[in-house]
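Each remark here refers to the structure printed beneath this line.
Per-chain residue numbering starts at 1, and chain names A, B, C, D, E, F and G are given in the order in which the chains are listed.
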Amino acid sequence: MELILDIFTGICFFIGSLSIIIGACGLIKLPDVFSRIHAAGMIDTGGTAFFILGMIFQTGWSLITVKLILIGVFIFFTSPVTSHVTANLARQKNILPLGKKIGKIL
Amino acid sequence: MKSLILFFILITLWLLMSGHYSVLIISLGIFSCAFCVYVAKRGKLIDDEGLPIFFIPRLLNYLIWLFKEILKSNLSTAKVIINGKVEPETFTVKASQVTDVAKVIYANSITLTPGTVTTKMQKDIFEVHALNSDFGNDVRTNEMDNKVTWLEGKK
Amino acid sequence: MISSTIGIWNYWIVFCLMMIGLFLVIGRKNFLKKIVGLAIFQTSVFLLYITFGKIKGGTPPILNESIDTIYSNPLPHVLILTAIVVGVATTALGLSLVLRINSEYGSIEEDDVSAQDLVDYHDDIETGKNFDLKFKK
Amino acid sequence: MHNNPILRISTKILFAPIILFGLYVQFHGDFGPGGGFQAGVIVASAFILYSLVFGIEAGKKLFPTNVNLILLALGGIVYGGVGIVSMILGDEFLAYNILGSSPQSGQHIGILLVEFGVGLTVSNVMIALFNAFAGYDKVKEK
Amino acid sequence: MFLAGLIACAITGILILVRIILGKTTFDRILAVNSLGTVIVIGISLHGFYSSRPEFLDIAIVYALINFIGTVAVLKLFSTGSLGGDK
Amino acid sequence: MIDILIKNLPIIVVLCPLMMSLFVVLIPNIFFSWALTTLSTFLTFLFSILLYQEIQIHSHISYALGKWIPPIGIEYIIDKVAIIPIIIISGISFLATIFAYKIMPEEIEKKSISKVYSLWLLAIAGLLGLVTTGDAFNLFVFLEISSLASVALVAMGAHKDKQALVAAYNYLIIGAVGATLYVIGVGLLYGLTGTLNMADLTNRIADLNNNRALIAGFGFMIVGIMVKAAVFPLHIWLPRAYAYAPSAVSVLLAATATKASLYIIARILFSIFENSENLINNTLLFVILPLSLLAMFAGTIMAIYEKDIKRLLAHSSVAQIGYITLAFAIGTKASIAAGFIHMFNHAIIKGGLFIAITSIGFYIKRRVTINNLSGLGREMPITFFCFVLCSLSLAGLPLTAGFISKLYLIKASISSDGIWLAILILISSALSVVYLWKIIEVMWMREGKKIVKKENPTIYISLIIITFLNIYFGLDASLVVNGSFDAADRLIGDLK
Amino acid sequence: MISELLINAFLVTIMLSIAIALIKTRTVIFTVILTSAYSLVAALMFITLDAVDVAFTEASVGAGISTILFLAAMAYLPQTEEESISSEFIPVLSCIILGGILIWCSFDLPEIGQLTAPIHQHVAPEYIKGSKEDIGIPNIVTSVLASYRGYDTFGETIVVFTAGVAVLALLEKKNTTKKNKSQPKQKIRKNA
C-alpha cells in the first residue's frame, strides 16, 4: 500500500516539477509581460496542485492534510487575483500586449 | 443570519486547523471567531460579496470541471512554451452573469486556466489576453461563461 | 580538510553578506539605501546566530513524542526573534526620519542635505539671517 | 482600488479568515511555531490589506486611531502587569509559577497572557505604523 | 523523492531569479517575485516532509499570505502613487 | 509591602519609568503628562537612593528575573559599580524633567507632548536597564530602547530646526551599526562559550587564551559600545545630536546617555574579560589610551573653534569622555576610581551648563551662538552666575567638583605612568579654559540689545540645585570618592 | 547530510547574488523588491537551519511588514538614487578589513552543526529538559521566549512600542501642521 502511495507521490512530484520548471522557462522565454503571466499561472496552478496532491498522498488524512489543502486553496484563490491585477495595471500604464487584437479593445 | 453562517464556517476552520481540543483552546477559538465576525461586521464585509453562499450547492460540480480545464490548458501551455509558437492575441468577451461575484468567478476562472488572462473588466465586458488562438477560441466558445452562469443560478 | 572547510564555509558567506550590508550603510549616500543596507546587515547577523544554533541531524526545537530526537539549540532562535523585531523597529523609525527629511530638504542624498545644512549653519552663526527668516514667516 | 471587483471581493472573503489565522497562530504558539509577534503581524496585515483595498480612511473607520493608541499601550501594560502581579504575590518579576495552582499551570497562564500582550502591542504598532506612513502627506515647507 | 522536488524548486528559483534581475518592466519583476513566492511555499512544504517534521506548514501559509499582500501593496503603489489613497 | 519593594528594588528602578511611559502616552493633557513623568522620575530617584542604601549593606545584589537561576534566566546585577550610573541617571533625569516643564511646550508641538514624555521616560528606562542588566543580550535590547527613544527625542527638535532630522538620522544609523557590531561580538562569544550571562561568560572564557574568535568578539563588542559612548573617532553623531535636540532633551542626553555606555565599557574591560589580562592590557595601552589622548585634544580644539554654544559643549563632552576613558586606560585602582568620580562630576557639570545655555536659548528665542550671547550675562544674572560656576567646575578650579576629579585623575596618572600624562591632562584643562572664557567674556563684557524682561523662576530650580551640587561636591567629595573607590575595588579587586 | 549542506549552499549563493544586485541597482522600487526577496530567501534559510519560529517571524515581520513600510515610504521619496561623486574607497576598505577579521577568526569558531560544541552543551540542554518538566509546553522556543528569557521579550515589546510612539510623534500630525506650527511661532514673535 505504501509503495503505491509512494509511486503516486512520485508521479505527482514529477509532473509538478516539470510544470514549475517549464513555467519558469516560460517566464524567461516568453516575449512580454502578458504572455509571461501565463507562465507564472502555470507555476501557480499546475505546480502547486500536483505538489500538494503528492504531499497529501504521503500524509493520509490528518491535520497536516487540512493545512495542505488550505495552502492550495489560498494559492488558487490569490493567484488569479495577483495575475489579473498585474495585467490590469500593465494595461492601465498603457503597455500594449503583442500580437493581434480581435474586436474592440477596452 | 449571515454572521452566524460566517461564525460557523470560521469555527469549523479553527477546529480543523487546531488539533488541540482542550476546553481552553476551544473557548479561545470561540472568542477568536466571535471577534473575527465582529470585525468583519464592523467593516461591512458580511454581505453577498463577502460571503457568497448562494452557489455553494453547485460549487463542487463546477470545481471538478474547472480542474479538468486547468489540467488541459496547463498541458497546452507547456507545449506552447516548449515549442515557442507564441501568437498572443487580445480580445473581448461578454459575461452573462448578473452579480459581481459571479463575474469575478468567471474572470478568475479565465485567469486560473493558464493561457488566458483577464486583463480588464468593464461592467460585463472582459478584455482577455490569450497566448494562442487555441486558448482564445476556448474562451470564445463561452462554455465557461455558461458554466459560471449556471453556477450563479439566478436566471 | 574538505569537510572542515565546508564546516566553516557557511560562516564565510554570512560574513560576506554582512560586509555587503555594512558597505551599503557606510558607502552609499542615499538615506533610503542606507536603511536597506542596515536591514541586510542585520539579517546576515541573524543568519550567523542561527548557524551557531544548528546541529547536524537535529530537528526544530519543538518537542515530539519520540525520545532520541536531537533538537537544535533554541536559544539563538529566541535571541534572533527579539533581534528581528528590534530591526523592524529601527527600520520604521529610520524610514519616518527619511520621510521628514525629504519633505523638509526636498532631497534624501547626503551630499545635498549636508550642503544645505552647511549654508544654514553659517547663516545662523554669522548673521542670524536664517533664523530671523524662519521666525518672520 | 475597490473599483476593481476582483480585488474587492477577494479581500472581503479573505479578511475574516486571515484574522482567524492570526489568532490561531497567537494561541497555538505553545504547540508549534508562532506566538505573539507573528500573530500580531498577521492580524495587522489583514487590516493593512483592508486599508490598501478600501482606502486608508475606511481603514481608520474600521479601526479608529484613538482605540489603536490605547491598545498599543495596553499590550505592554498587560505584559508588565503579569510581572507586577507575580511580584505582588511574593515572587520575582515575571515568575509565573505563583500565578496558578501548580507551577506548570502558573507557567501556562503566564505565557498565555504575556503572548497576548505581545500580540496586542505588535499588531497595533504595525497598524499604527502603516497608517502613519501611508497617511503621510507630503508638505513642502517652503 | 522530496529531495528531487526540492531540487526542482531550486532550479525554478534560479530561473525566476534570472527574470527578476533581467526583468525589463517592473511588472515583470513583480510577477517573478510573486512566482518565486509560490515556489518557495512549495519548497517550505517539501522541506518539512524532507526533514520528517511536516507539521510546520503554518509558515507556508504565512508565506503565501505575505506574498499576496506584498504584491497587492506594490500594485497599489503603482496604481495610485501611494499606499494611502482610496482610488 | 515594603518587603516586596525592597526585595524587588533592582527591577523596580527600571520598571518605574518603563511602565509609566505606557500610561503617559495616553494622557493628552500637557500638565498631567508632565506631572506623571515627574512623579515617576522622582520615584525612580527615590528607589535608586534606597538601592544605594541596600548596596551599602549587601554590597552585591543579584536578582534573578522570573526566578530562573542565572545562566538559564536573565540576571540583574547591582553592585557598588552599577550604583554610580544608576544614581547619576535617575538624579539627573529628575532634575531635567523638572526643567522640561516650561521649555518643552515651547519647542514641541503641543499635540505630541505626551508622546515625547513617554519617549523621555523610555530613554531613561533604557539607560537604567542597560546599567543594571547582567546579561549580554538583554543589554542589547535595552541599548536599542534607549537609542530609539533618544533618536526620536532628538528628531523632535525638527519643530525648531530642520537639521535635527539629519542629526537624528545619523544618530540612528551610526547607533544601529554600533549595536549590530555589538551583537556580532556577543554572537561570537556566545558561539565559543554557550552562555550570555556576564558572570558565567567571565568564567568560561578564562581558558580560551589567544582564541582568535574571542579576540574578535571582544573587539566587536567594545567597538559597538564605543560608538554609543562617543569615544573619539566614533563620536561624529554626538555634536549634532546634542546641538539640535530640543533643549530639555539635550540636557538629559548630555548628562546621562554616554555615562551608561562608559559604564558598560568599564564592565566589559574589567569585569567580563578580567581573566584575559593580555588582551585587556594591550587594548588599554595601544587602543584606548591613544584614542583618549586624541579625544581630549581634538574635542577641546574643536570646541575652541566652534561658535554654536550647544555644539561647543558637545565637543567639550567628547573631550571629557576622553578623560574618563583615559582613566580607564591607565588601569590602576586609583585611576579607575578617578574615572568614576569624573563620570559623576561630568554629569552634573554638563547638566548644569546645558541647563544654563538652554534657558538662555529659551529667552532669546533663537539658536544660542556666540554672537547672540552678547551682554546677556547682565540681563540674566542668576543664569549667568550658575553658568560661570559650572564652567569653573569644568575647567577644574579648586572648590568645585571638577577640581576633585582632575585631582584624582592626575594623582592616579602620576603614580602609574609618570608625569607626562599628568602634563597632558593639565594642558588640555587649560585649553578648555579658552573656550569657556570666550563665552563668559561675550556674555559679560559686550553690549547687547535688551531682550529679556524677567527671569522665570520655574526654570531655575534645576539650575540652582545642580550648581549647588557642583559646589557641594567640590567641598565635600567624600561620598563620591568613597563610592568610586569602592567601585574600583569591586571591578579590579586585588589584581593590581 | 551532504544534501543539507547543498541546500544551504544554494540558498546562501542566491542571497549573495541578491545582495550584489542590491549594490548595483539604483532604482528604488527594485531595491525594495530585492530587499523583500532577500528577506524571503533568508526565511527559507532559517527553515533549513531548523529555526522555524525565526523563519515565521522573518517571513511575516522582515519580509511582510518591512516591505510594506518601505513601499509606503517610497511613495513620497525620489524614485532613483543618485550616483555619488565621492569615492567609495574608504568604505570598501573598511568593509574588507572587517570581513577579513571575521574570516580570520572563523577558523577558531566551532564547526557548524557539531553536537560537541560548547554552545550545545552548556545552557541549551537545560531549556530542552525544562520546557517539558517545568513548563510543559512542546515549543521550546516559546517557553524560552516567554518564560526563561521573558524579560528580553518584555524589552522587545517595549522596543516595538517605542518605535510606534516615535513614528506617531514624528509623522502623525503632518495634516494639521500648518495651523499648529504657526501658533508657537507667533508667540515667539510676541515675546521677542
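Throughout what follows, a residue touches a chain if its C-beta (ideal position, glycine included) is under 8 Å from a C-beta of that chain, and two chains touch if they have at least 3 such contacts.
On a predicted model such as this, the values are computed, not experimentally measured, just so you know.
Visitor: Looking across all chain pairs, point out the one with the most C-beta pairs in contact.
Guide: Chains joined by the most C-beta contact pairs: C-G.
Visitor: Which chain's centre, taken as the mean of its Cα atoms, is farthest from the centre of chain E?
Guide: Most remote chain from chain E, centroid-wise, comes out as F.
Visitor: Would you kindly tell me how far, in whole Å, the mean C-alpha position of chain D lies from that of chain B?
Guide: A distance of 30 Å separates the two centres.
Visitor: Measuring centre to centre with CA averages, how many angstrom lie between chain A and chain E?
Guide: Each chain reduced to its C-alpha mean, chain A and chain E end up 12 Å apart.
Visitor: What is the distance in Å between the mean C-alpha positions of chain D and chain E?
Guide: Whole-Å distance between the two chain centres: 25.
Visitor: Take the average of all CA coordinates in chain B, do the same for chain E, and state the distance between these two points in whole angstrom.
Guide: 21
Visitor: Quick one: which residues in chain D touch 2 or more of the other chains?
Guide: Counting only residues that touch two or more other chains, chain D contributes 4, 6-7, 10, 13, 21, 31-34, 37-38, 42, 45, 48, 58, 69, 72-73, 76, 80, 83, 93-94, 96, 122, 129-130, 132-136, 138-139, 141.
Visitor: Listing for chain C: what residues touch at least two other chains?
Guide: If we look for residues of chain C contacting two or more partner chains, we find 18, 22, 26, 52, 59-60, 62, 64, 75-76, 79, 81-82, 85-86, 89-90, 92-93, 95-100, 102-104, 135.
Visitor: Send over the residues of chain E in touch with two or more other chains.
Guide: Residues 30, 51, 55-56, 58-59, 61-62, 65-66, 69, 72-73, 75, 79, 82-84 of chain E each touch two or more of the other chains.
Visitor: Would you pull the chain F residues touching chain D in the complex into a rising list?
Guide: It comes out as residues 4, 8, 11, 15, 18-19, 22-23, 25-26, 63-67, 162.
Visitor: Per the contact definition, I'd like the list of chain C residues that touch chain D in the complex.
Guide: 60, 62, 81, 85, 92, 95-96, 99, 102-104, 106
Visitor: Can you list the residues on chain D that touch chain E in the complex?
Guide: Per the stated touch rule, the residues are 1-3, 7, 18, 21, 25, 32-34, 38, 42, 45, 48-49, 51-58, 130, 133-136.
Visitor: Please give the residue numbers of chain D that touch chain F in the complex, ascending.
Guide: Interface residues on the chain D side: 69-70, 72-73, 76-77, 80, 83-84, 87-88, 90-97, 141.
Visitor: Quick one: which bits of chain G touch chain C in the complex? Just the residue numbers, please.
Guide: Residue positions touching the partner: 1, 4-5, 8-9, 12-13, 15-16, 19-20, 22-23, 28, 31-32, 35, 38-39, 42, 45-46, 49-54, 57-58, 61-62, 65-66, 69-70, 73-74, 76-78, 81-82, 84-86, 88, 91-92, 94-96, 98-99, 102-103, 106-107, 109-115, 119-120, 123-124, 127-128, 131-132, 138-141, 144-145, 149, 152-153, 155-156, 159-160, 162-163, 166-167, 170-171, 174, 185, 188-189, 192.
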